[in-house]
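These are the structures in question, set out in turn.
You will see chain A twice below: alongside chain B first, and alongside chain C after that.
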Partner chain A sequence: MGAGRLYAAVVAGGFRRYATYRAATAAGVFTNTVFGLILVYTYLALWAERPSLGGYDQAQAVTYVWVGQALLSTLAIGGGGAETELMERIRTGDIAIDLYRPADLQLWWLAADLGRALFQAVGRGVVPFAFGCVFFPVSLPGDVGTWLAFLVALGLAMVVGFGIRFLVALSAFWLLDGVGVTHLALLVGMFCSGMILPLNVFPGALGEVVRLLPWSALLQAPADVLLGEADPAGVFVFQAGWAVVLLAAGRLVQAAATRRVVVQGG
Partner chain B sequence: MDSGVDDEGFIRLDGVEKVFDVRKRTGFLRRERREVRAVDGLSFTVARGEMVGYIGPNGAGKSTTVKMLTGILTPSGGTLRVAGIDPARERTRLARRIGVVFGQRTTLWWDLPLIDSYRLAHRMYRIPDARYRENLDRCVALLDLGALLDVPVRQLSLGQRMRGDIAAALLHDPEVLYLDEPTIGLDVVSKARVRGFLRDLNAERGTTVLLTTHDLTDIEQLCSRVMVIDHGRLMYDGPLAGLHEAGESERTLVVDLERELPPIDAPAPARVVRVEGPRQWLAFPASASAADLVARVAAAYPLVDLSVREPDIEAVIGRMYAERAGA
Partner chain C sequence: MAEGGAGTGARAAGERGAAAPAGEAFPAGGGDGRVRAGLRTYGLIAGMWIRSTMAYRASFVMTVGASFAVTGLDFVAIWLMFSRVDALGGWSLPEIAFLYGLCGVSFGLADLAIGSMERLGRRVRDGTLDTLLVRPAPVLAQLAADRFALRRVGRVAQGGLVLGYALAALDVGWTPLKVLLMPVTVVSGAAIFAAVFVAGAAFQFVAQDASEVQNAFTYGGATLLQYPPVVFGQEMVRGVTFVLPLAFVNWVPASYVLDRPYPLDLPGWTAFAAPPVAAGCCALAGLAWRAGLRSYRSTGS
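Up next, the complex of A and B:
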């Protein structure tokens, strides 16, 4: 009970911290909209050439783009989530402060990142998505149930996203300089989440493999729920499975990291 | 509180060691492993309610000790107890009973108003509501934080932030407070205010304080006992006054003569250490009488003015290090 209230306060704090920076949010909204426009025209050309590519019709493909733009910063697929701050704290030794707290490191950062994600969803996701829905032919579900299922899938995607990025961040305990890992995570994340092209477009073994990787739980899974292309229950199980595996792995790595921790600086 | 906690040994270290493995690259793939003993057989006890200065040069092992005392580093050897708790094994339980303040880091939420960090502490330490309000009011009044509560931490000055950090560490009534350079970078007024607050806290609440600092005025004004550590070993543990004797400290007699003269022929062990025009500096043991020396100099030389300077601890400690290194 007490712990629940603590982490709820951390979620709220995470939300409000990001809400503080209005100019950054506005710039982000603009960027996501422009990025969305570029992708939409690319997709329109692609689907005109190959209708029903990957099982999507043109309206579904357009919808997929705007869902992607809404979730890009929400799920911090391109970086910029809690892991950026966490790596910096490990590098500078400020992580010591997190370790002095009577709180669990992983849960603390999960809560902070969920707060951030909730703000980004509202602050940076809604506007580009609405823009896309107004100016382009989209395919949206008519029933509330599908929308609710989408929100559940989105919530699970936030946890999976954190699970991946927490592992990336903890590598800083060993590497100290996280630039290389961050770049690699960005590259893998953009491709494997389906941010560049929907994963169901990829043929053969490559497609089979990327659709099973945790990144597909981020964008592909919620998008397929919204587009009515996947059974929500199956998607939830897939996402929850990865969430558990990743959080458990994070816990093990965290234990190893704090055991051998050499907190930087005096 | 806990049964089995004796107040005399509230903080107890017994032969504590911390060895780091440092890997050094010596070739393309070859690495040399080297052991660094950051803390080497450290033993001491701190009684409940004591205020102890913990000093030493950079890299002496001060921070490593504090990290072990809070449980974020595990000792390589020896035993260590704080309030009867083994910090490394029960870090979270201990965290509820201690407070930590770093001069160079902040525990506050950088982007949010100060009050948000306090509300978080309220939840984090599960402080009963009435207690939280009472402690917050007290800290706000004594540290003059009233006008700052709604200001985002990033906009606070260093002195304001430091006061904010100290309050954050005290809302849950910690029994032990570790202060790491709490006055670093502060102006004279802020330093005085922080010291005054800490003195009152220790006197009124009986909070045990371990103070790490480079500013020896902190120690002079706050701590009756000082521990000096170097190379991971305790070099001195006792009252501040005794440190002067341990370092064989000297006082300085500064005399202004009527005119430039050759160095004064002072009675041993006093000796001239510096001459600058008509002014001369004479060093003599801190334990010796200044009156005697003054009388003898005044009798033989044309004096215009004189003053006696007390030894500064920094120099004393420096001399102590030099001596040990030479030994």
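Up next, the complex of A and C:
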């Protein structure tokens, strides 16, 4: 079996695994829609006070909300991706099994997480987004090219998201209990990805800094491509750059971490 | 206390039988003992989980800090908004902080006390709920204290801090009635959210995998109440006033304290309606819980 086919099978497995829980998916769709509704009204009030805040008009701000709700679980910005399971396997020692599989640890989990993300995008993302487009004034691109660019940016965002969460998960090799790190990752992720407020609304230097961090590749970057607020090529370079840096860092940490593993004889 | 515990256990087990008479759960003389047993169970289990959490002390400190900060993120969002505008829907930052603080403390207290109940769906799915059913202690108390997360004090503290800021920054014309209304509002609000948690848990007997729906009403409700009612659509405000009466957690009492128009032009006395509303919610949630528990059938294996 070629390596490509192996990882493709893992992607498909990750997709099918999440697709199994239909009731949970429906519940997630409902919850994302409710949160979207709440956020949309607060954004409408904000943009009513300051039209064209952050360079968005009201319709763009509304679109941003629904893109955010569609991508929250897809990119696991609030946690709940492959890293949760990976951390548990490190804590329990099951990671030893993963390490003697004839597959690369990082690529294996990247593939599994991509499968999950692809399902979440289709299963949990599309419906809240469509709901928002039907019931609120949104700003969507008319040309296919922008939509394709959005999908490319989304794919890159998935890789960057995994890169961040893989590093978070590997910290369990040293800390064992990953609850604290998971919380911190959630906190930074929500703030710096633009999930709580678009990054272009952040004031002054703070806004400049958060837009350079890897988290801005998650939500802000694809959203700006979709809204026609950013040059797709520049966004792709930014996202791909962070993806490479994060995956390389993951490799280094993984090498250091696996030297620590001691498999107890049984 | 041992006898009382055993007696409660018999009743708790009896609750599962469809034939159990409706009045049995509130026997004339035993109701008080039942509540006491429940509270004692709750205290014992919660204490155990606190000790267990302390085994990973560094992680505990991080999670309290993170709980404080994650909750605070909502307020950071509001604060960032106010770095660009002076008012939201005509409400100033201290006024919104007042709403936020009241809601934050109420929700934080409910979440601390019984937030763990949202794990019920998982217990139904993996069959571990059965273990709780055979123990001689009220199931509700056992579930509420299950995995008691002391880190959630971070949420209460954060809400309290914002409320403190609001009270310092606002120029409220305090009257004895307004002062009295504050603690009443916080306790009633916590009771309303607690009822939502219990009703959500009861729903999970039916929904199981769909437990996330509950988040829309608990966390979603708490988020909604951080903003003034004028921001939202009329239908939405009506829904959270008359269907799921979250408006009584802070919107209505805060309108009285801040001398603002009431949402939906409610009459003035509704500012004091929170305690009966909370009592009604708790009673309904209790009924839902009993119905849910009765309908439970173990997976068997």
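Everything below uses one rule, namely that the second predicted complex is superposed on the first by the 260 of 266 C-alpha atoms of A that agree within 3 Å, B and C clash if a C-alpha of one lies under 4 Å from a C-alpha of the other, contacts with A are read in each partner's own complex, and residues count from 1 in each chain.
Note that contacts are C-beta pairs under 8 Å (C-beta built on N, C-alpha and C of every residue); 3 or more make two chains touch, one makes a residue touch a chain.
This one's a predicted model, so the numbers in the text were calculated from it and none came from an experiment.
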Simultaneous placement of chain C and chain B on chain A, clash or fit: fit
Touching partner for A:Val179 - first (chain B), second (chain C), both, neither: second
Partner chain in contact with A:Arg17 - chain B first, chain C second, else both or neither: first
First (chain B), second (chain C), both or neither touched by A:Arg5: first
For chain A as apex, the angle formed with chain B and chain C - C-alpha centres, to the nearest 10 degrees: 90
Partner contacting more residues of chain A (chain B vs chain C): C
Chain B versus chain C as contact partner of A:Ala27, first or second or both or neither: second
Touched partner set for A:Arg101, first chain B, second chain C, both or neither: first
Touched partner set for A:Thr258, first chain B, second chain C, both or neither: first
Partner chain in contact with A:Leu197 - chain B first, chain C second, else both or neither: second
Touching partner for A:Phe131 - first (chain B), second (chain C), both, neither: neither
Closest approach of chain C to chain B (Cα atoms, Å): 10
Common ground on chain A, meaning residues reached by chain C in one complex and by chain B in the other: 21
In the complex with chain A, residue positions of chain B that touch it: 20, 58-59, 62-63, 67, 70, 72-74, 91-93, 95-96, 100, 102, 105-107, 109, 111-112, 116, 119-120, 123-126, 152
Chain A residues within the chain C interface of the complex: 21-24, 26-28, 30-31, 34-35, 37-38, 41-42, 44-46, 49-50, 53, 175-177, 179-181, 183-184, 186-187, 190-191, 196-197, 201-203
List of chain A residues in touch with chain B within their complex: 2, 5-6, 9-10, 13, 16-17, 20-21, 93-94, 96-97, 99-104, 258-259, 261-263, 266
Chain A-touching residues of chain C, taken from the complex the two chains share: 56, 58-63, 66-67, 69-70, 73-74, 76-77, 80-81, 83-89, 207-213, 215-216, 220, 223-224, 227, 230-233, 236
